[in-house]
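So that you can tell them apart, the chains are marked A, B, C and D in the order they are listed, and the count of residues begins at 1 in each.
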Amino acid sequence: MVGHAFMGAAHSQAWRTAPRFFDLPMQVAMRVVCGRDAARTEQAAERLGWDEAETDWRRLLERDDVDLVDICTPGDSHAEIAIAALRAGKHVLCEKPLANTVAEAEEMTAAAEAAAEHGVRAMVGFTYRRVPAIALARRLVQQGRIGEIRHVRAQYLQDWIADPEAPMSWRLDKTLAGSGALGDIGAHVIDLTQFITGESVTEVSGQLETFVKERPIAAGETSGSLGGGGATEERGQVTVDDAAVFLAHLSGGALGVYEATRFATGRKNAIRIEVNGSKGSLAFDFEDMNVLEFFDATEPVEVQGFRRILVTEPEHPYVAAWWPAGHGLGYEHGFTHQVVDLVTALAAGGQPEPSFADGLQVQRVLAAVERSSETRSWQPVAQ
Amino acid sequence: MVGHAFMGAAHSQAWRTAPRFFDLPMQVAMRVVCGRDAARTEQAAERLGWDEAETDWRRLLERDDVDLVDICTPGDSHAEIAIAALRAGKHVLCEKPLANTVAEAEEMTAAAEAAAEHGVRAMVGFTYRRVPAIALARRLVQQGRIGEIRHVRAQYLQDWIADPEAPMSWRLDKTLAGSGALGDIGAHVIDLTQFITGESVTEVSGQLETFVKERPIAAGETSGSLGGGGATEERGQVTVDDAAVFLAHLSGGALGVYEATRFATGRKNAIRIEVNGSKGSLAFDFEDMNVLEFFDATEPVEVQGFRRILVTEPEHPYVAAWWPAGHGLGYEHGFTHQVVDLVTALAAGGQPEPSFADGLQVQRVLAAVERSSETRSWQPVAQ
Amino acid sequence: MVGHAFMGAAHSQAWRTAPRFFDLPMQVAMRVVCGRDAARTEQAAERLGWDEAETDWRRLLERDDVDLVDICTPGDSHAEIAIAALRAGKHVLCEKPLANTVAEAEEMTAAAEAAAEHGVRAMVGFTYRRVPAIALARRLVQQGRIGEIRHVRAQYLQDWIADPEAPMSWRLDKTLAGSGALGDIGAHVIDLTQFITGESVTEVSGQLETFVKERPIAAGETSGSLGGGGATEERGQVTVDDAAVFLAHLSGGALGVYEATRFATGRKNAIRIEVNGSKGSLAFDFEDMNVLEFFDATEPVEVQGFRRILVTEPEHPYVAAWWPAGHGLGYEHGFTHQVVDLVTALAAGGQPEPSFADGLQVQRVLAAVERSSETRSWQPVAQ
Amino acid sequence: MVGHAFMGAAHSQAWRTAPRFFDLPMQVAMRVVCGRDAARTEQAAERLGWDEAETDWRRLLERDDVDLVDICTPGDSHAEIAIAALRAGKHVLCEKPLANTVAEAEEMTAAAEAAAEHGVRAMVGFTYRRVPAIALARRLVQQGRIGEIRHVRAQYLQDWIADPEAPMSWRLDKTLAGSGALGDIGAHVIDLTQFITGESVTEVSGQLETFVKERPIAAGETSGSLGGGGATEERGQVTVDDAAVFLAHLSGGALGVYEATRFATGRKNAIRIEVNGSKGSLAFDFEDMNVLEFFDATEPVEVQGFRRILVTEPEHPYVAAWWPAGHGLGYEHGFTHQVVDLVTALAAGGQPEPSFADGLQVQRVLAAVERSSETRSWQPVAQ
């Protein structure tokens, strides 16, 4: 595994936990974690449960006891590591977004397709797909219970920089982060709505907005090394979007409305998705993540209503491996399910989903939104 | 109509409104309102839309143009007025509780049964039965969609005297009010659960509680004439229950848990009823009164869930007469529906429900709870 | 009053009820209702409580006993009637949308401004402003509790034509209805968000969509006289929008996302508004209309949360005149509050709100959305 | 660890996970798991992450490398194992309920007190205390924000045997399980309400109910060896309670209403607790476990409301160790928190909570409810 911050911790927990609850078709061993700083990586190895620590990711590719490289670094290094790993014959699990640019994502996808010919597989980590309620939503669409889809409304609402005096961070610097709310959280709802509906976004009209253009730089930091600490009077430029909104057409004729923001005061991690079809509707909110709401318009009117399905029954996706009915899962369970799906696909010699091609397609939607915001016009999503 | 306070206003609005939205089988004329104080009754007549005002209710019984007497006075005068009216050949609508004692309620029921032989009808006003969501709940039980009922849990939660310095009022004096939370609001949930389930409470084990035993008497009042106004240092004795809780057996084998309180801080008028049966469950909360929740256990497990039925479709009870789908009703609509049901029954020569016998049965449950609290034992409900 | 269909019934109930619950500074008399068909108008007069019936609205303007004309007709006749009434010295209450075109709305506004110089007043009927929870939302913004507003998300979701075999209706014919979901229900959320925030929409980028372009014509109807009845094989063209979505900039810098649709399966009359500011947030859903959610970001983090304010306390707007705490209001109460506000403003000699100028501004937003959808570009709202 | 079924899996996950996310003051090593069947225990050791397997729990007490014994067996063996372990100088974590009888629980408590003199500690596993929302509830009570407590209403609702044809299981046989819903799930809400309020139940009046008295015995089972499998025509006697309800007085004067049932159709694991006090109220539902509702009656009436606190902020109990704000936790996190609290107390040489004495007190409440149901009268809780 390369990277051992927030995502590294989540992935490590998943690798540790998956074999404890699921019957995996292959054995998993957590060989080596890689980071830049030797001491901190050693600590991380111990804390997160890896056998060894390493400071150069290239050395991982030379090891025979490494079959898969799990990339949890910031987006700007994804392409280089992933392509090298695939060429070295290692399977790759790469955190989202696939890359910081469409060009990089295209190269990665080409590399993945070349590797696939040799049975080497690449997967991108949109873990929210593995929340049981989301997986159930997709299943209901596939069963035809929603009918022809007319509306998709999707929001990813956070509020961690709603305060104008919240300090600068590398996430607010375009040269480091690539994008703001759009790529960080908007990417998730794009992927989720496409996953649930089985349709893809084909055209968008969007607007990026930066509400607070200057922020205090924390004491002890310079504008070139942003991070935590007390506030000073120096201020840095915010060069990414605080919020992104866009209208969309989907391939099956649905009309989409999307919103991703870090300024929705009071909403902490609210991923809200609603789908309206000719036969029914679905609604999901990550703030109540074990629930899927489903409206069945084919029932007698008298008893129609959005039903609150508590997605904690053994009959529901992924749930049987865990606890008895009604015992809810949390955020990190999606990562464990991701490991299960990945290992299962690899053991079967198949393509794990979502593929790099899927990640590339999301990247193209993000790029179209950015172009649309600049040109103030509708923009097609490249094929 | 006798009485023109809170209930008088609600009943007047119902008499005025019913013929505007429903096709009543008889014409309604609002002849005369009766109160103790001539001037205030005159004002009320004008405000509430009655042709005339009167200060002696006996005179109403002598009038040929009065066919029905609507009793909205406090409980201690219900028996006298209702019995006289029925003997005078007037139909009677009497607010709940039917009376302050079981003995009075029995006399009233006897008078109602005697009058019925001459086609003169009596009805008691449990208006919450006429909330569309409640009427739908009963319908679903009758259709067998809940199956055999195992649990009834019912709460009527208010908080208007949760503050220990809230002043004395006649409602807190047993000699005037007869009872506290038990009779005032507990009576409603007893009636509602019996109405919905079609079962009756047969045995109870309860506890009455008075949390605050002394309260300030408002300035300008003496302990013999309680009412509003600023607080003084004089304090009066609270002689009724602040809260009543009881366990119950119902005639069909269900186990009931009931609670009525004026001390549920933050709950303003929360009538909550939940019924669990072998085939399904129902849940209702008056704080969201246009909704009935329904769980259907006969569906595939994968899509089971409490559905939130918005009871605002033309297919739902009473709703077709009002607005388009989704346009909710409010508190007072139940009173209008009561007028509709009453007038419809009278025109058809039938017995409007709930009858005085139904009101008497609720009274007997209340009495059993009081006996149980005193004797600290289970008490049967008299037949 | 001119017109006696759905809106006529709602307005009549309001005129009848307002003086029963509120202390109006002027007496209200319901003189005459006007409709095209003499017999049906007679019936309506009796049913709705008007003294007389009339078939030519011009005759109302000649009567000395008519001080105010309440226009409840379809939008295509608003301009003619309102302008004539104002010129005849009658106050005017005109249902929304003010008119079918901006040009008409401009004429009406000019007429209203001319009339105002003589103390004759005009008001447009955006009644949802008078839902207590909405009025409270505005109050909290005005008190500064939300801070600088960053996000407005507003949806008006219905589903009455989600079924492709739902029959044609005059509302789906552009020559008669002027507009579809956009003008009918989108207008409401535009007005509400501007009312609550005190900001106005300045620029939009939108998309209108007609999902079902042909619908069956009910038996007994020709394509020239659309209405109810059984389905035939003849099909009519739907010439208005089924759904409208748009992005918006507001005058204070907020980013808006709006959606109005008749295809949101399972949503009956869901007016949902969420406002995020630097100090707090607000959320409202008409399907739970007695509740306003409020998040206060100035509190200690530990106890922050969206609070569900049950807007049924005497301290809340309009509520003191009705029932005790916790007894919810329904859809039509907004109309009664509209009468109260109108009569109060007239008695004080002031301008009732919203004025025709306010209605015109909403009309201009609607027109900008239509232009944007045609040109596929951002469009400014005319000043 | 002794036992490796449902609870064993949950405890193992906790022991594995706690050191990964929390800075524990002592190192944790998972030495040996103990079960009856050698082969299955070997499998469990590998699956759950224990170094070794063992079939005789006595051998654990002889090992120097075992400092703590974690007891996850059924209740009938708790006393023997716990007492022996404590005498052998091993710390003990014992699953709830502490024992099947009060007598056993008393012996265990005496053993725990004796051991404590030598610094050997015993703790009972009421893990729901460690759900962050519950811990926050207790904190708010301790801060005085709820004031004097008047009402406690607590329900633990499940539905796994609501179907009368659900087969017999050892859990429905009193000789094996000791108790039904009362001890299995009622114990949890008794502990939680006492934990949150800081008060203890002093007197109860309750009713146990067995709705379905005979159930099919699964094929391949005899009435002496109950378990899963297909249904036969043989039927077994259900000898425990399906549901338990009781009224209670708490030591601070609050009135309690408790309900525990396996027949609440549609409720899967609904632990619902509501507390009303003179200054505020709290409400919790495990079906939405990351939320605590809090009503603050000291605020201005205009903005009072139950606030939905999303208990996922770093400021909330236990949360800082996990994910960013808004990323919810699941059922098993409580077990991890239990390990953290236990290890922290042991390292500090203090008494971990809840102690065996706390477990005994809950046991005494259960016994009082059973006595009350038999005698149909109020029963004091033994001191």
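Rule of thumb we're sticking to: a contact is a pair of C-beta atoms (placed from the backbone, for glycine too) under 8 Å apart; a residue touches a chain by one contact, two chains touch by 3 or more.
Remember, predicted model here, so these are calculated numbers, not experimental data.
J.: Quick check on the interfaces: B-D is repeated by which of B-C, A-C or C-D, going by over half of contact pairs matching?
T.: The same interface as B-D is formed by A-C.
J.: Quick check: more C-beta contact pairs at A-B or at A-D?
T.: Most C-beta pairs in contact, of the two: A-D.
J.: Can you work out the whole-Å distance between the CA centroids of chain A and chain C?
T.: Chain centres of chain A and chain C, defined by C-alpha means, are spaced 41 Å apart.
J.: From the mean C-alpha coordinate of chain A to that of chain B, what's the distance rounded to whole Å?
T.: 54
J.: Between chain A and chain D, tell me the centre distance in angstrom, where each centre is the average of that chain's C-alpha atoms.
T.: Computed from C-alpha means, the inter-chain centre distance equals 36 Å.
J.: Where in chain D do residues touch at least two different other chains?
T.: Residues 267, 304-306, 310, 313.
J.: In the complex of these two chains, what residues of chain B are touching chain D?
T.: 150-151, 153, 155, 159, 162-164, 205-207, 209, 211, 243, 245-247, 253, 255, 257, 259, 261, 263-267, 276-281, 295, 297, 304-306, 376-378
J.: Inside the complex, what are the residues of chain B that reach chain A?
T.: That would be residues 136, 139-140, 145, 292-294, 296, 300-310, 313, 315-316 of chain B.
J.: Which of the residues in chain D end up touching chain A in this complex?
T.: Touching chain A: residues 6, 9-10, 12-13, 16-17, 19-21, 47-49, 158, 160, 267-270, 286-291, 310, 312-313, 323-333 of chain D.
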